[in-house]
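Dropping a structure here in structure tokens format, bear with me for questions.
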Amino acid sequence: MSMLAIADDALIAAQRLLAWVSRAPSMEEDVALANIALDQLGVARALLSAIGDEDALAFGREAHEFRNCLLVELPDDPGGGVWGDFGVLTVKLLFLSAYQKLLYDRLADGEPGVLKDVAGKARKESAYHLDHATRWTLRLGDGTAESHARAQDAVDALWPYTHEFDRRADWLAVVEPVLAKATLTRPADGWAPTGGREGRHTEHLSYLLAEMQSTHRAHPGATW
Amino acid sequence: MSMLAIADDALIAAQRLLAWVSRAPSMEEDVALANIALDQLGVARALLSAIGDEDALAFGREAHEFRNCLLVELPDDPGGGVWGDFGVLTVKLLFLSAYQKLLYDRLADGEPGVLKDVAGKARKESAYHLDHATRWTLRLGDGTAESHARAQDAVDALWPYTHEFDRRADWLAVVEPVLAKATLTRPADGWAPTGGREGRHTEHLSYLLAEMQSTHRAHPGATW
Amino acid sequence: MTAGTDAQAYFDELIATDQRVEPRDWMPDAYRATLIRQIAQHAHSEIIGMQPEANWLTRAPSLARKAILLAKVQDEAGHGLYLYAAAETLGVTRDELVDALLQQRHKYSSIFNYPTLSWADVGTIGWLVDGAAIVNQVPLTRCSYGPYARAMIRICKEESFHQRQGYDVLYTLSHGTDAQQKMAQESVDRWWYPSLAMFGPPDKDSTHSERSMAWGIKRHSNDDLRQRFVDLCVPQAEVLGVTLPDPDLRWNAERGHYDFTPPDFAELMAVVAGNGPANRDRMRHRRRAHDQHQWVRDAAAAYAEKNP
Amino acid sequence: MTAGTDAQAYFDELIATDQRVEPRDWMPDAYRATLIRQIAQHAHSEIIGMQPEANWLTRAPSLARKAILLAKVQDEAGHGLYLYAAAETLGVTRDELVDALLQQRHKYSSIFNYPTLSWADVGTIGWLVDGAAIVNQVPLTRCSYGPYARAMIRICKEESFHQRQGYDVLYTLSHGTDAQQKMAQESVDRWWYPSLAMFGPPDKDSTHSERSMAWGIKRHSNDDLRQRFVDLCVPQAEVLGVTLPDPDLRWNAERGHYDFTPPDFAELMAVVAGNGPANRDRMRHRRRAHDQHQWVRDAAAAYAEKNP
């Protein structure tokens, strides 16, 4: 895992999350999702700044130069609209934060340096993200028939993308019990799309970047 | 009506229309909508080229520099997704093409110049657009209960924006009979938003432009 | 609670001596109703007010600005929650108030019915809109109703932080490239008069005002606050290097204030009545956030019942 | 229709003398079924093939390129319609065929299960994908079934136009800025092997081929066509100034052909089986376009009934 990949995961996750603010199922959730987005943005900024100019990296790269995993770039609304599916959001956050927590734990206990410093703070944040996503997964999975079906659809749709995470056994050990407790079926492994770490993304990323970079790119050389 | 406003109407209408290609209710409609989008794009290019560099004008301006009417920038999906509502598309095209037909007729019979030349061709095209939109308005309005309701919703939502068209009496004389024949209720006049002609747009235009201009802006100075 | 003579006297005494009325205290029904209306409207404004700024979250031009804007919009959600809680001390539920907003029985601040059309609007909203809100709200930190007054102390502190951030956005733009300067000016041109209108109709047309003054809910007249705001803005605009779009704006040495052109109150009334540029979009957005998540709230309720 | 001896003999005679079988002619059931499958698959490919290119319609970097791309995608819809009509001459309906696509009983060309990730892909698809399609399809203009052969004449003419346009997009990029050149190369790197796979599995693994050859539906083997395509591309790549991502690509004077690394047929089989990068997106898109417009088709039918 390169530092850039870790930063890009956080940046793209933040960009998806913050689109929810003012659109969440409750005001408390608006606050919570903004908070999680801020945490992700914080990690992205700390790491990108260690690599180079954070804004040049965020706003100056093209899609094939990003190294985030495919999961984070998937839209919460498969139709590409701004109104996402809360089931997709929840399951994606569960999968991502379980992965990030394990990663940050390892880095925080690892060799001194920027990654260790950033991970030391981020591990606590991702523990909260995981807890938040777990609570919602339980509510949706073990809530109503409709919420169960929507959560299961999200799990089925997103599962293939989790093969891009390294140390899958550790990740499964975190996620499988949550799914079980939420009465959700753990999908069979099969299709395992990859490419994000090498810059081969889905068609969704370039749209996300087009929007994210639009103001910056419209004013070359400007200071903000 | 400035030449720029006429060009921008056509350009922004084309950009909305072409997003339908591959998403239309039938393959014939994919072909028809691509055709209408091509016509709009053709008018936009002819007029923008007469004003200056067509690409600098299309890809180098910010939202407040566009002079299109608000109607054309409204999304076909109020949620901002790429999957529009065919009722909205139809009614918007009815309203727009009725207006454009009247405008091009006047210009084609008017003073010699670029506008007259472009309008001479465009009047025939917009007559076809109007015919196409009229046929669909009749089918939706006088089709099923669901299609009637959806068409009426679209009429109600879009009606206020038609106040931005000049020579409203002429326009009403074209549109009102179509609505009546389609068993749709002509809304009462009331709220009459304006601003497009002065560059004061809705929040939707800047998103449309962010996407439309993204490739061009990512490569300053490049030739395509 | 019925008004005993003692209770009324105690209430009157609190008001007269500028002390705070607390939830446990008896209060006149009209006082309670006025406060509920005002606090709820304020809470609704925070919630609806998230939209125009959230509109630029995905497109902020730097990561630092993105984080600041995100934190600000989050604060607004927090303010909304805080104010709904203050209103609940008066014996209503948040659900009732939210319903009143969604059914359009309640209003929210009309300023949020204007669209945000450029990144500069994020700066201008911070500078002018939050600035006007602070001028309006600082007196409310001394409001006679304790929970509201205390909420306003916290909110004003954060708003003033937001105001400085907005000013900083605009300052950067107005000292940036030609295009950035134009963006800043274009934005200020659009927001100046709507900001002036935030102080409400002129005193001569203002309903409710006198009674609210007597009750210590309102402390200054609309026109006084508007003047105070203009006096604050003019020197700030000079530092910013933007022009306030009012050719008649000039210092009046006799009055010790700036003379200025009042906003178009007919426009204000039209916006209040529902015909601003973005009223429909704002309400559609709010309703959609509420309606399309009914299944989520149902799931949470069902789960809570199964897992008490 | 039952096969009389005369009918079979007439059919055999047509095939043997390289004449065209027409819809009114008797033909073996297997011949008919093979043609329906092939023409339908070709039609489906045109319709699904709109998606990867339409993906860049809203973002084309110049108005001229936007118009060209729009006309091209429109042509693809037209080709789809034309091919479905050709298939219908064999006694199936378009609705049946579309249903077979949506239910995934039919395939479409696997190349469209790769995503378009940059504007350069519009050029590369024109150059390589349309190029490969033309190599595949030119022999079909002499197909034994008349309506298909005639459809292919028109389609090949347009495809060849598209191919030149794609080549021109790529030429402009590869002679443009550094970033444009990189964009072009990155795109060619991704599309080269999937394009080679468009000719199908190696001859030794190819099913159906022999019978299709005998019937005059197929004229050349997969490997022959693939070789022809490589031989065409190498000099074009040189003019373009892009590198084909195959270190073993070199002229073999003895064979009079270029040697090259064959595509990964295991990957091809995975994509055919449904596990390409974009299979799910393509089918979801197509199903959504169909399903969400049921109300429109219902309205059209209801209106037609009322207004015969």
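A, B, C and D label the chains in the order they appear, each numbered from 1.
FYI, contacts are C-beta pairs under 8 Å (C-beta built on N, C-alpha and C of every residue); 3 or more make two chains touch, one makes a residue touch a chain.
Because the structure is a prediction, the values reported are computed rather than measured.
J.: Fewest touch steps from chain C to chain D?
T.: 2
J.: With centres defined as the mean C-alpha position, give me the chain B-chain D separation in Å.
T.: A distance of 34 Å separates the two centres.
J.: Averaging only over C-alpha atoms, locate the centres of chain B and chain C and give their separation in whole Å.
T.: Whole-Å distance between the two chain centres: 37.
J.: List, in ascending order, every residue of chain A touching at least 2 other chains.
T.: 62, 79, 83, 206, 210-211, 214, 218
J.: Please list all residues of chain D that touch 2 or more other chains.
T.: Residue numbers touching two or more other chains: 59, 179, 288.
J.: For the protein chains shown, what form does their contact graph take: line, ring, star, complete or other?
T.: other
J.: Just spell out which pairs of chains touch, all of them.
T.: Contacting pairs: A-B, A-C, A-D, B-C, B-D.
J.: If we count contacts the way the header does, which residues on chain C are in touch with chain B in the complex?
T.: Per the touch definition, chain C meets chain B at residues 55, 59, 115-118, 179, 183, 186, 190, 274-275, 277-278, 281, 284, 288.
J.: Would you tell me which residues of chain B are touching chain A in their complex?
T.: Against chain A, the touching part of chain B is residues 62, 77, 79-83, 206-207, 209-211, 213-214, 217-218, 220.
J.: So in the complex, which bits of chain B are touching chain C?
T.: Those residues of chain B that touch chain C are 62-64, 78-79, 190-191, 193, 195, 200-203, 205-206, 210.
J.: Touching residues of chain A toward chain C in the complex: what are they?
T.: Those in contact with chain C are residues 11, 15, 18-19, 21-28, 30-31, 34-35, 37-38, 41-42, 44-45, 48, 54-55, 58-59, 83, 86, 138-140, 142-144, 146-147, 150, 211-212, 214-216, 218-219, 221-224.
J.: Per the contact definition, I'd like the list of chain D residues that touch chain B in the complex.
T.: Within the complex, chain D touches chain B at residues 47, 50-51, 54, 56-67, 70-71, 73-74, 77-78, 80-81, 84, 119, 172, 176-177, 179-180, 285, 288-289, 292-293, 295-304, 306-307.
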